[in-house]
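Below are two complexes that have chain A in common, paired first with chain B and then with chain C.
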Partner chain A sequence: MADKIPVTVLTGYLGAGKTTLLNRILTEPHGQRFAVIVNEFGEVGIDNDLVVGADEEVFEMNNGCICCTVRGDLIRILDGLMKRKGKFDAIIVETTGLADPAPVAQTFFMDQDVSDKTKLDAVVTVADAKWLTDRLKDAPEAKNQIAFADVIILNKIDLVSPEELAEVEGRIRAINPYAMIHKTERASVDISQVLGRNAFDLERVLELEPAFLEDDGHHHHHHDHDHDHACGPDCDHDHHHHHGGLKHYHDEDMQSVALTIDGEVDPDKFLPWVNDLVQREGPNILRSKGILAFRDEPRRFVFQGVHMILDGDLQREWKPGEERRSKIVFIGRNLDKEAIREGFLACTA
Partner chain B sequence: MALRFGLFGRKDGDDGAKAALAALKERARIVLCLSDEATVAVNEIVCADPACPGLETVVLVMEPGRRTRALKIAKAAAEVTDEDLGAAATAPQA
Partner chain C sequence: MAAPTISSLTDHVADLAAGAHVTALAWLGGTTAFALADGAALLVAGDDQKRVAAHPDGAALVATSDGRRLVTGGDDGRIVAVAGDGTVEEIGDEKGRWIDAIVAGRDGTLAWSAGKRVTARDGKGRLRHFEAPSTAQGLAFAPKGYRLAIAHYNAVSLWFPNTDAEPEKLEWKGSHLGVTWSPDARFVVTSMQENALHGWRLSDRRDMRMTGYPAKTRSFSWSHDGNWLATSGADAIIVWPFDKDGPMGRAPRECGVRHAKVSRVAFHPGALVVAAGYEDGCILLIRLTDATELLVRRASVEAQEDAAVTALAWDAKGKRLAFGTAAGAAGILTLP
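And now, the complex of A and B:
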């Protein structure tokens, strides 16, 4: 694992500032050498010696199965880059503004050679503070990119008022409550917050998200992200309320469902349940994550997933005095929150 | 592809399965008369999606200037024969 080349996937809607961030990464004096895979090859200057053009060839390993969809061009390019191993320390994949991040991410899990030689470090999404709210309404790609992100660079904050910034942040949080958000002008961000995140490494999940198991300031025993908000037939889903100074929005088709059990779950119930859930709802579930206290198990069980692909393992032991809680989060489209809630609660030990 | 725990890390994997994939990759180059410029990716796909056929070996053939071809064989990689490769290569692409 140690000698695998880390790969950062850089997404973001058209004009959000991906290339600005990319050039910032490439020109700062961090001593790292990058191979860069870009799509809009030649259109905008990339300040780097090793730039490879990609053609976004999306390929279904199995016909029609979104979970088996990979990027053929990436397999080919990464294969070629590995013959030049030693000339770079990390790889950055810049996608087009309209790209779906899922096939990019899945390429790193589905293809044996790619996963043997590289590791997906994080999906970083650059968002335009001024226009993201509009794009979330009319561009499903923009929504996917926010939902999929481990790190969000909320860029061009100098072009919006504090109120507008709070609104766009609230809308991001309605879709993806756990990505790290960095608010920037001209994509000026500490590069260490973008690279080397190990966001797909289970051992790092808790380091990156120490607050994951904390109650979000609420005291429901079992709550989901929209706090059991009951939408009637007249509800337009565009309302909000406030939590901690941040407006709390409800996106009409992309939501996060976060559920907590203040105690242990039964692995013999949970594992078949989550297996069945992602099998049925995998196409709708973009990302998933969970930390669980299994009955009679001294270690934490940590899992995360992309569509139907799940990875899970027992990690460090629960510390003395640490509250044994179980929390899962799903980010996806049109999720049946009640069914997920019922299913999860039925796994209580 | 549900609950293949360990997949993200895939730190060690099954050496036997990896060897079968590598061997099949080399045989595919010979059987399909591919040049060094071609990239071949061989994977065993075990997908739990009802729309997917279960276990399948997928050989992606990427040649410069040509559309990527996917040869799909409903067997484990270790069981794929040269005849299977030849037949899959002549099957219509989806």
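And now, the complex of A and C:
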């Protein structure tokens, strides 16, 4: 079987530097050939042979799932591109500044033809260091794009002071503690940090630790603590507050909820609970991930999801000496953290 | 009932190398014309093979034929007609926009769509345009008269290109992909994003929902008598009865059940025999009356995702069946 073609989704509010990043990716001497799907033929040209214009048509699926929307134009274009396989190694989809990334991502799970031949690699969001803080206040689209991201390119850092930079980074972390953040000028980033991320690959969901903790070398911080309760990155633990001077912000309507059970869960309780949760709260849950230790199961159960769509499977075995702990993360809007915590703890085996 | 025995016609197939994904194929008299995703049209007549550049540096995304010419729509936005002798004529240009659908009607009529913009071209070359509410993914001419069914999001629009009247709308929620009009003009049927067919009986606008497909239906074919509609998208050909009052409340026939999905179907032009191409490259002929199966082409030995049969068509007399695959293999069966 041939490998599936990886697709990188490039989002970002107007003027953040998406096209600059795109052209940087395309022109670096990496030897890869790309097919690029763009939604706005902007004034800046795209430096690539294969550029396809799309219409950003969002279609609802008639499957009783109210937030199951897909991008009809993307399904059609990917089908057309697959007839020319061999002409490119990877696909980049650039969305409009106002686009919701969810229908794009959901297309890769809802459409069989698309998922048979391509795989979503990562959602990369370009953010303007100078204006993001404002946009998070007045543009729900900008907040969605940050919440959804696997990789965030915090661009134009040369235009802000260190204090402003710390503030905007704190604002991002209040919404999405899990994305990798790269601070750049003119979108100058090592493209290996943008492409080939496998962010939606269950086998690659290795750890669910806030990225900023890893950045600061606090990789195994939790091993130093006795955890006898579920806790999240924005809980009251002191270790969450002072990382490289990063301020702790709370976003009014978009948060992440991370919960840990230091042990096993009962799959007969957990699976119905998580399914029910995403059915009810799906419109508010943008992204979800989890690694779980099921009772009497030697393998790790890993899931990830977008709104109401959950993709989960048993993966590799727990390694000898590896702690069998169960951790889940939700990023979403107006999440009832207490209810989620209670529901999850009730799944303890 | 005796189990159907498989006999083989594989010795009667002449293999061809198309060299690129076969988008569609058509019979132009004695010439087989293949539309290819490398932008070429391959014309095969006996031992003669000719390759003409229909979309240089591009790809033929969709194609149709009126029996005289193969008409392709490309990712270069061009509509190109290729005659059996290799003559190429450009007959439309959507300025670089991908052509999403194309269909030939009677009397030299033609229609295509690029995004929402639908163009109808009559036999004299006069163009009329219609802006669909969303991308027009499927087109089908009515069997009589100059009327076009346009499949788009949430509805099918029935448009008379020669009038200024607002098209009539057959509404049903969801994304309609392909569309076909029954030969007796009584029914319009679409394939949908949700792996289902939707149909309307035009006399009373009754809806028909035909569900249960594991994949999207990409290929429709009507039997010569118009009583049956064969469809792809399942591990068998699903054949719906359209005689009497249509398929409402009736079960479809399922024939050619295999462990691979049907990707193309083509009814014989004069008998109740349907050809089925599968995703693994296998091709069978199946007689509807007794489910007898004849093997035309074996499945690819290795599980290969490009093995799928992507084009399948009988010649006008039903003596020969041509096929093409995603990997660029092709061939012609001549019935003994």
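In this section, the second predicted complex is superposed on the first by the 304 of 349 C-alpha atoms of A that agree within 3 Å, B and C clash if a C-alpha of one lies under 4 Å from a C-alpha of the other, contacts with A are read in each partner's own complex, and residues count from 1 in each chain.
One rule holds for everything that comes next: contacts are C-beta pairs under 8 Å (C-beta built on N, C-alpha and C of every residue); 3 or more make two chains touch, one makes a residue touch a chain.
None of these values were measured; they are calculated from a predicted model.
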### Task
Specify the outcome, clash or fit, for chain B and chain C once both structures are aligned onto chain A.
clash
### Message
Contact-wise, after the overlay, does A:G53 reach chain B, chain C, both or neither (first, second, both, neither)?
### Response
second
### Message
A:G80 in the overlay: touching chain B, chain C, both, or neither? Say first, second, both or neither.
### Response
both
### Summary
Counting residues of chain A touched by each of chain B and chain C, the higher count belongs to B
### Message
After the superposition on A, what does A:D311 contact: first (chain B), second (chain C), both or neither?
### Response
first
### First (chain B), second (chain C), both or neither touched by A:E281
neither
### Message
Touch test for A:D116: chain B only (first), chain C only (second), both, or neither?
### Response
both
### Message
Contact-wise, after the overlay, does A:D128 reach chain B, chain C, both or neither (first, second, both, neither)?
### Response
neither
### Message
After the superposition on A, what does A:D150 contact: first (chain B), second (chain C), both or neither?
### Response
neither
### Task
Scan A:L271 for contacts with chain B and chain C and give back first, second, both or neither.
first
#### Entry: When the two complexes are fitted on chain A, the stretch of chain C hitting chain B, from 75-83, 129-137, 273-281 or 291-299
129-137
### Task
Could you pull out which residues of chain A sit against chain B in one structure and against chain C in the other?
1, 57, 59-63, 72, 75-76, 80, 111-113, 116
### Message
Can you tell me which positions in chain B touch chain A when the two form their complex?
### Response
1-11, 13, 18, 21, 39, 41-43, 45, 47-49, 51-53, 56, 58, 60, 62, 68, 70, 72, 94
### Task
Could you pull out which chain A residues touch chain B in their complex?
1, 57, 59-65, 67-68, 72, 75-76, 79-80, 109-116, 120, 200-202, 271, 274-276, 278-279, 282, 303-304, 308-313
### Query
chain A touches which residues of chain C in the complex?
21, 23, 37-38, 59, 61, 75, 96-98, 100, 115-116, 134-135, 137, 153, 173-175, 193-195, 215-216, 303-306, 326
### Query
What does chain A use to touch chain C in their complex?
1-2, 52-53, 55, 57, 59-63, 70, 72-73, 75-77, 80, 83-85, 111-113, 116-117
